[in-house]
Each structure stands twice: as structure tokens, then as C-alpha cells.
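These are the structures, in C-alpha cells.
Okay, so chain A shows up in both of these, paired with chain B first and chain C after.
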Partner chain A sequence: MKQLGIVGQSVKRRDGVGHVTGQTQYVDDVFYPNMLWLQMVRSPVARGKIRRIDTSRAEAMPGVAAVITAQDVPNNWYTILCLIGIEPNDEPVLAHEEVMYEGEPICAVVAETEDIAREAAAQILLDLDIEEQPPVLDVEYAIRPEAPAIKKWGNNTFMYDGMNHRRLRFGDVEAGFAQADYIVEGTYQLSPIEHAPIETHVCVVKPEPDGRLTVHTNTQALYFTMDNTAIILKVPSNRLRMIGGTVGGGFGGKVDVITEPITCIAAMKTRRPVKWRWSREEEFRYSSTRAAVKMEYKDGVMKDGRIVARKVRSLQDAGAYHRHSPYGVQKHMANLPGPYNIPNVWVDAYCVYTNRQPSSAMRGFGVTEASFAIEVQMDRIARTIGMDPWEIRLINAYRNGQMRPVRKIVEDATLVETLQAAAQLVGHELPEHLRAMSSDDYHGRDER
Partner chain B sequence: MTIHRGRGIASVNYPTGMNLGGDPSQALIFCQPTGGFSVKLASTDLGQGLKTVIGQIAAETLGVPLDMVVIDTGDTDSAPHCMGTFASRGTHRIGNAVIMAAKEAKKALLEVAAEELEAAPEDLVVADGEVYVKGMPSRKKSVFDVALAAHFKHGKTISGRGIFMKPKSPIDPETGACDPDSTEAHATTVADVEVDDETGEVRVVRLSSAYEVGRQVNPEMVRGQIVGGSVMGMAHALMETVFPYYPSLEHHTGSFSEYIIPTAMDVPEIQSVVLEYPSSNGPYGVKGVGEMTANSPIPAIVNAIYDAVGVWITDLPVTPEKVLRALEQKAAGN
Partner chain C sequence: MATITVTFQLNGKTTALAVEPLTTLRTALREHLHLHATKAGCGQGGCGSCTVLVDGEPILSCLLPVALVEGQSVTTLEGIGGPGELHPLQAAFYDHFAAQCGYCTSGMILAAKALLDRNPTPSREEIMEALSGNLCRCTGYLPIIEAIEDAARQMEAVV
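Moving on, here comes the complex of A and B:
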């Protein structure tokens, strides 16, 4: 590897001193004179039909500047993935007919202080009339035909090219099982978890004299947020100016475009600056989580440790709406076979909807879950056939030049090398034949 | 009561860039009158160090000291499109865009310098903030002087545009065939744990990892990702859930008093080595190391628990309750 100059040097990070001395300016540090505060009225039930939204008493409260309902949203579809072709629209920005999860936004109160906004929101919640329905919560139940369809298209899964799952088909998995000396099965379940950023979601919008809106945002993706906000507001994107670039913890939790559209609408309606900052409770209970994922693995293995067939069924709990889950399941599908050379692979991966707070992007989503299942499965195989866990991985690790189940030739493989380096790091002596292995020791001959 | 020690390993791959591609990022670079370079990005530094590594990549390509480069992010009025900070894509995508922009700016710089030094542009070298004629280090001008001349004598702009995009791969709905990634980084983590068979508590004693991330732009910040990811992965394995009785909605967590995440006191010993096998398409051979560091600790810890007490806990998080129930079942012969 060619030695370079400044690339490769551990120079001090540019934002470190500001962060640790409290001098970094975050979005919540932005204040404007005459600024209003926003609070959201959220669904008290996991599933229900909205009979009546009565905002009159709240609107009459002193200090309340405006109440925003679905009628105030020019294009009331929350469509974050429409720009990359994921449809149909399934999530309203503000609910008006039905609610699909506890905490779903119904209307927003804008007031002179945060306390007044909170009191007025509580009043609207009291005046709200919702007919509660039994929620669908279990993914295995949700995909059964007798389960009530909570999605308008008539079932509870995302439809990929007309199919209710994404699939991978490589080789002949049943022939692989027939040939195998051992069948090893395992079921793996991950729970929904929270990004838990130190900084919760915050947005400040200032209407400018020239008619534009300046949006202070802690999004992880400024243009993505701007373009999606413009679609919801039905304005050209250049009416908006997004200012961000400093985030107090992202981890995938701040790519949902969840605060900016409503805060913009509030600022347009009141012609005053508006701030919306989420409480810790809102961040936990109503921001997207990492999805719960259930995976069932069935592997066919030879006595010498070679995995000759792998069949996986995976169910991802997307919660009530798409968010980034249909994308995550596609990434999941491609990664479910793992970094191993397996000639026969069958994967069915489902994106399933339930009446739970939506899941969405989170650090490594789609891959984290697959890696967990695969690597525990690898140890199960090793224990079942009586082989060392280092050896089972080194034997099966994919090599450069081999074909992955997605039909891409492996070209940057170094799994073997990291195994060897990790063994060395912890003082675990690998036998000579494993030390001699390399990611480049495949030369086009595959005896399988 | 007995404390049982166990060791588990896990090896992972991680794709660089948005799945299937189609996620462009752009960069603009311009030179100020006194030779400072401003890099305009609409990207977001989440605290992972994007501005720092992009500064290093820009300085390397331009041939100027790091403190002559300003990285300006976070304003859609002043910078072109960037898809965003996610999918371990930032250093790879934005780094490539910045190299392209920096090369164009450098070409403009050399054209002005060539006139000033009465030499051909291809015979010039930029290093440490000076432009000199190859083989004749005394025939030189500082970037400061070249920039001044460009602005006020030649009326030339020293600037550059850059973009990187891996075109979006189609996906075959019948077979799943697709090109999901730009490159793959790899890692193996070894977890050493202690399991208390009376309380069911698992203590992670040590996480030891070997990472392969292409070329490291900033080794200390790669180490930072490994340490941070190790702790986040450990918490995912042992502590975190917003629905403790999933799929039930009961006891949905709403605060840090119910949803426990690790503090400094919970951090185990963390050791790591980093291997460098440059990728073919990353800037200077970079691969993404952002997300993956939280992945390998999870199965390594679960495997270590089996090694310690002989039970598979495959339903995360591995709470003391689950460990005790599994040990009871095992003792009962199930």
C-alpha cells in the first residue's frame, strides 16, 4: 500500500473541542424573538377510527396561536422513500380517519410558550373521540390470511414486484439438504431498540421577509429532508433553506423527516418563527426504532464442515408504516446468506406491518440482524459437528473470485485475514493449515 | 453461586454505501485570494468525524497543508446535493467527490502557476503549500502567491466540481440477483464474558477485534468507531429493548430510568487491530467503518455465553431473567 501524506495521520477531529467544552451550537440553541412553540397531539390508542377531532376549546385558550390539523397539510402524505421509488404512500403526515399506532400525530398546537402548547394539546386529547380497535402486534399472526388487514392494499406486508416478500434463489437448496450430513436449525429474534441520541429531535423554522423559510434541522440528510418537506408543503424546494450539519447523535434515527414539515406549516400559518423539540419520552415512544426481526435458519452441513445449503425465512416488524423498512428488508435479503461461500441458498424476507410505533433506519439495519443470526448459527454448526468455531468460519469464509448468492463476484474479501488477526490478538494459536489460508486462495476450482 | 467464564467469536462483513447504490454526493471547492481552500458540502458530520477526514482527503489531493482547507457543511443554499450521512457511505462517497473536485481545482491552480513560473503545467508539483518545477525545487511560488495572481492578475478562478455515484443496480425479483454494495469491510470480534449462574447476570470482560477497513484516513478515529461500536453492540446484546415483553406493548419504555444504556462504568476492556487492504473504488482505498463496529460484538457475546454455561439465548436482549430460565430448563434436562 502506497504511503500518503496527511491521509493516514491521526489528526485531531475538528469538532471535538467544541463538543466537550459545550461550545457547539445545536438546533435547540437557536432562538428567535417572537418565537412560538409546537406540541403534538398524539393517538392514545394503538389502533382506532377517529370519530371527531374538536380543537375549538384548545383554540380558545389564551396564548394559543394556531392548531394544525390534516386540512392544513397541502399534501398529507409522509412519503420519504417516494424519491427512490418506494410506493404506495401509506402514512399521513397528520392522521384524520384512523390511527395505526399509539403516539401517531393527529394535530399540532402552536402557542406562546411550551407549557401553554402542552396544556392545549392535553385539552385536544380530552376532546378527541376515537373508536378503539384491537391492534395487530404479532408478525406471524399479521401475515396469516385471517388477520385483519391494517394496510389499504388488503394485507399486512410490503409488496415487492407483486410479491409479499423479497427473495433470493441460488443453486438448489433442497438438493443441498439431501446431500448434507447434518441439518442445523436455529431461530433468532431481535427486539426493537431506540437510537437513544443525547439530542432529541428538534426543529426551528423562521419565515423570512422574502417568503422563504429558514429551517434549522438536526437531520442526517439535508437535501433529502428539504425535498421531502417541499413535496409535503407543495412548494418548490428553493422556497426552503435547510441549515444543519451538527447532530447530537444520529445512528439512523434522524433520517425520517419527522419534524420539519409540520414545523414549516406552523411557521407559514402563523408567520412567526416556531420551535418544536421532542421530550425524551417522545423520543423513546414515538420516534422510529430499530425493527424487531425474527429469522429462521436451516443449514445443511457436511462432516468436513462445509455448509452446502442455507434456507432463511425472515420477518421484519416494520410497525405501522413504511418509513425506511422496505429498503432495509432489501438490504437484509442480500446479507442473510452471510460472508460465506454457500452453493445453495434460499431466502424469503418479509416486511410486515403491525400497530406498533414504526421502525426505520438504525445503524447497520438489515445487516446487524443478519450478522447476529448467522454468527450464532455458525457456532451452533460447529458445536453440532464437533468442530472448532475458528475452523468452521475459516473453511467457509468467502474467497475472492467466488460467486455470492446475489450473483456478484467477491472482490474485497478479508474475512479470513480478520479471523487470523483476531486469533493472534487474543493469543489463540491456530493450526498451521488454518494459518496458511488466505482470501486469495481460491483459484476457480470449486469441488462442490 | 459460580462465575463461569466463556469466550465466543463472530466474523462479519459490512457493505459500503446505500444498498443497490444510486446515492450520489457532490462537492464544490474554491480557492480564496490568499490561497485558502473552501470545500462546500451539504453533508452532515454526526460526530463521527466526517469534516476531519474530508479535510485530510482534500489536503492530500490538493497538496496543501490541512490548515489551508476549510470544510463547510450544512447549508443547502451554499452547497450542492449530498444524499446524506448513513449506510457507511460518507467517507467513501463524499471522499471520492472531493478528490474529483480537488483535482479540477488543482489543475486550475497549476495553469496559473505555469504562467507565473514560465513552465508547463504538467512539469509542476504542489507540496506543502508550494508549487515548484519538478526537479528544480528552487523555482517555486507559494500557493498564496499563485492564488493572489490568479485573482488579481490573471482573472482566473481556481475551483473544482466533484460528484460520485454508483449507478443504482436493478434487482431480479425472482432470484434476488443484484449488485448491492461498492465494497465490503470485514471484522472478527472475540468476546470474553463471565456469567453468574445465581443472578443470571452477564459481564463482558473484554472485546478484542480485528477490523479490515481498506485504507484508514485517520487511525485514531477508526479506533473511536471500534470502541463506540463495541459498547453499543454490547448494550444491544445485553440491555436494550423498548418493548420488554415484545410483541406486547406493555411496559413500553419512556425514559432512561427504564431503558438502561451503558455508562463509562460498564465499558469492558477493548482492544483492536486494524488491517488495511485498500478497496478498488474508495478514495485512496477507503471502505466504510461506520456502522459495522456495533454488529460483531452481539453474536460474539451470545456465543461466549454458550461457551460459559451451555445455553443458547437467541432472543435479544440477553437479560438475567432469560439466562436463569434457560439454566433452569437445562438443569431440568430440556
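Moving on, here comes the complex of A and C:
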């Protein structure tokens, strides 16, 4: 038998010496001779129609090499999740008809220095003519009929199989409420959360003599980024030599393929190396965030602690565009019932568009938010019925062999054992009947 | 634009540089002198990732015009040790997994060095105080503090 030589041992990081000596090369440490700097002209308003983009005064400024507008983008759509059916495309790489959030990219200035690029970008902003429109900023308002539709398909939600929300139906939730001894309700909300990596977004692209582009990027998803950049540039992916893998903090904030296509286009247009690095302000105000979410729970609970019905309505603020949110809400829907065996479940999960900076991926997005709401709700149930919070969880924890609301049989449950181990670690002595529980103590149909 | 000449000690060597007057020390180090260990995190004195030592004191190099270090001594992470000759702080950060993404590490190590140079046996509270201007977003502060405590012990043992 092959020996396991690594498991259980502490192994030194291969990049450790580089990190502690400052020799690790991050993307911002890449400098090429003759390199230009890129700055983005961003929408000053949350929602508006673009009447005119006048780049002439900026282009005439000394040191400005080029201005990149929507006309320069071969396929002007972010298509990051088209392969899993997240469509229609809704986000232009560079806006040209309308803007949907404050900070949305409109055009890019490429100049000899970062300062010149910044000044020229400020000039274009002065010369920009935008007709401001009232923004939609609240998810509850956004799904009401009187709210203006900010999406071309006529409403403000992602459409899941023709419905404006992703739904889950399991058992008969109203029958469960009728049978319950207690009804426990709670509403839980999260604000948007910024990833705030210490290293902001950076991309450096060098055009090579053979027509290829060398792309240094701090993306967390190198091949995903290569594919999507190739789609936007309309070039075969073998034209892109992607160099990545060193990321100064990401947490899901560096997977949206936002910097690479534009930097590539700037390098192709100027035939010079180009660097685009975001300021801290851009990182905070215009990079994607974890979504704001509002979750409303209604649970039917028996005196003995069993949860017999759970109804959830959740609204996720996707911001102005899809990014990863429609997929995040799908995961969210599946996780809103929680790791508990509940025979009657009803979930309505909405992916709502507003004129806010887009939300997207961040560490367990869709799941973490649900876990927060569920566990606070479990404590609320325990208080309401006067039961120990450990016991309410152990009674309801799902067991192997049970059917989950998403129609999967549980095969890998460890919640009971995890709770028992956690109780031991914090010195909380569980009574014998709870210590005797196991993820394998379910044998056949519930009598509920 | 007119340039000025600035002369200072950089990692023990006399260095002269012709720059525009408002060039920051960080830009001078990274873009003129090609020393990239000093990182750009926020550009507004908020994160500490650009920390270097000026005459032994931790300074935010993104806020300091390089002209103001005329005649002074500047130490960057490159100046305290490299691969194969790690400073005890560098070795301790490596041993304690105190550098996950590594982006704040340069500033952390230099802020810690300034502390240990003036106080070789700091308490945990004094370490936390010394690092209060340096943000880390992924490693977590505990391994960093433990690394500094370990380095202090190692350096004391050598003395």
C-alpha cells in the first residue's frame, strides 16, 4: 500500500520564502519598458441615458495615447456564466447607451503616466452628457409593478424558467403550519460586504511580436478568465498567454473578468504594454460585493421541538447586472431550508436587479447568508418554545437516508456528530439522550 | 516638469535619484529603483502595506515625498534579508504561516522590526499596538503576532 506521507504533517508553503522576502512577483510588480497606464471613465450617476461621449479634448491632451470606447470592444458583453445558462447577456464591457450603476465603465484612457491618464479621464467625465433617470435602489420596491423596469426584458428580476423567482416546494407547508403548536417568524438582513483585498485589481498586458498577448492578471480563475476574455476579444484563446496564480487576496472578488478584456484591447490598439490598477476607492465603490440579502422565515414547530414546516421568502440584491448572482441565488434557494429535516418546505428566492454596484461571488455566497439567518432563527425557536438551543438543533439535524427538499437523499450527514464534538470542545455537557444520537439513527419513513 | 535630486542611504548604500518634487517614497522605490517588496495597498495611508523604515522608524511611504528623506536612512524589506539569509523575523513569519497572500507581509515585518529594535522583549499588547497601522485581510493577526513573539525569543537567545 502506498504510504500517506503528507496527511497529518505540517508542510512549508512553496511561496513562503518569496512572501517573507518580498521576492514574490505580484501583478503590480510587473513593469515593461514603454508601458502605458489605463484609467477608467466611470458613470457619475446610478442610472441614466448616455446622450454623448466626447473624447476629443481628452485625446488632444499631451501624453494621451488612446481612448477606448464601446466601439473598440469586438463583442461588447460580459458573458461570464453563459455556459450555465445565465442569459440574456445584460452587461456591456463598456457602456454606450445607458448606465445602470454609479461607477459603471464608459471608456478607458491610456496615457504615458498614471497621472496623465487620470487627468484625461476627468476631462472626459466633464465632457460627458448623461440624462439622469430615477434609480431603483430597494429590492422590495424593485419587484413592485409600479417600479420602472431597469432590465430590457421588462422587470427587475432574473427569470428562472419563466418565473421571477427560484422556488422550492416540498410537502404541504400550510398543512404543517395548521398542525404546529408554535409559529415562529423572523426577518434577517445583511448589508453588502466588500472583499477588500489588500491588493486591488491589477492587470498588465504586453502585445507580443507574433500577435499574441501576454496577460498578467490577479484573477482567481485563470482559465475561466482566458475563455471569457477570448470571447470578448473574438480571438482564439491560444492568442492569450495568461500568467496568474499570485493573488494578493481575493475571497471571490477577483473572478468577474473585469480588468483583462479592456487592458487587452488597450494593448492591441496602442501596440504597447498597458497596466491598469484600481485605486482603493474603485475597489470599495465599484468592484462587486457580497450581495445584500433580506430573508423572511416562518416556521411551524411542535412542543417537542420538531420543525414541521418552513416557509422562506428571500430577496437578493444583485445590483445592476447578473455577474454571479443568478447562480448564487440558485445555491441560496437550495440552502435556505438549512441542514435540518423538515417535511414541509416552501422557498421563494428572488434575484433582484437594482441600480447599485453589482454583487457577485464571495466565499460561499448564497450559502453563508442563509446559514446566518437559519441559525439565528433556530435560537429564536429555542427561546420561543423554551428548549435548549443544542437540543433543538440535534432533534432536527438531518440524518442519512432522509430526503432533502431539493429531492436528494442525504448520504454524508455529519451535523449530529459535529454538534456533539462542538459541545465537548466548549465544555457544554449534553444529556445522555442527545449524546446517544447519530447521523445514522434514522431507519425508514418519518412518522411526522 | 522640473526634477530635483534626492540623496539618501537605501539599505546601507548611498543612492541619488532625480525625480519630480512630489514623487512619493513608495513610487520612488517601486518605479524608479525597482524595489518591489514595498507594496501599494491604498495609497492614502490607511493599510500599512507600504511601510518602510526611515532612520529606523516605520513610515507610510505612500504619503511621504521622497524629497523629505534627503540625508536619511531608508530600509526596505530587501534590506533586512533575502532567500538563504532570512532575518529572524522573516524566518519566523515563514515558520508560523504568517504570510498567506503575502501582500501585507512586507509592511508587517518592517513594523515589527522597528518594534523589536527599540523593545527586544515586547508584550503581546505592545506587539498589537505596534501593528495597529497594518491591515491584514487573509492571514489573520494571530499567526503574525505569534511569529513576532517567536522572532523576539530567537533574537534574544542570539544576543
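Observations, loosely collected:
Just so we're on the same page, the second predicted complex is superposed on the first by the 443 of 448 C-alpha atoms of A that agree within 3 Å, B and C clash if a C-alpha of one lies under 4 Å from a C-alpha of the other, contacts with A are read in each partner's own complex, and residues count from 1 in each chain.
Going forward, a residue touches a chain if its C-beta (ideal position, glycine included) is under 8 Å from a C-beta of that chain, and two chains touch if they have at least 3 such contacts.
A quick note: this is a predicted structure, and the numbers were derived from the prediction, not measured.
Residue contacts after overlaying the shared chain place A:177 against neither chain B nor chain C.
Contacts of A:194 after superposition: chain B is touched, whereas chain C is not reached. When the two complexes are overlaid on their common chain A, residue A:19 makes contact with chain B and with chain C alike.
Contacts of A:364 after superposition on the shared chain: chain B is touched, whereas chain C is not.
Touch criterion met: A:333 reaches chain B, while chain C stays clear of it.
In the superposed model, A:158 lies in contact with neither chain B nor chain C. Chain A has more of its residues touched by B than by the other of chain B and chain C. In the superposition on chain A, A:249 makes contact with both chain B and chain C.
By the touch criterion stated above, A:278 is placed in contact with neither chain B nor chain C.
In the superposition on chain A, chain A positions 12-13, 15, 19, 196, 247-251, 280 are in contact with chain B in one complex as well as with chain C in the other. The part of chain A that touches chain B in the complex is made up of residues 1, 4-15, 19, 46, 84, 102, 135, 137-139, 160-163, 166-170, 186-194, 196, 219-224, 226, 240-252, 255, 280-281, 284-285, 289, 292, 317, 327, 330-331, 333-335, 338-339, 347, 354, 356-357, 361, 363-364, 366-368, 371-376, 378-380, 383, 389-390, 393, 397, 405-408, 411-415, 417-422, 424-426, 428. Only residues 7-15, 19-20, 22, 42-47, 49, 51-52, 55-57, 59-60, 65-66, 71, 73-77, 81-86, 171, 173-181, 183-190, 208-212, 214-221, 232, 236, 240-243, 246-249, 252-256, 259, 261, 271-273, 275-280, 284-285, 287, 290-292, 294-296, 298-300, 302-303, 306, 312, 314-317 of chain B touch chain A when the two sit together in their complex. Across the interface of their complex, chain A is touched by residues 30-31, 34, 36-44, 46-47, 49, 76-78, 81-83, 86, 90-91, 93-94, 97, 99, 101-106, 109, 135-138 of chain C. Interface residues of chain A, counted against chain C in their complex, comprise 12-13, 15-26, 28-29, 31, 195-200, 247-251, 277, 279-280.
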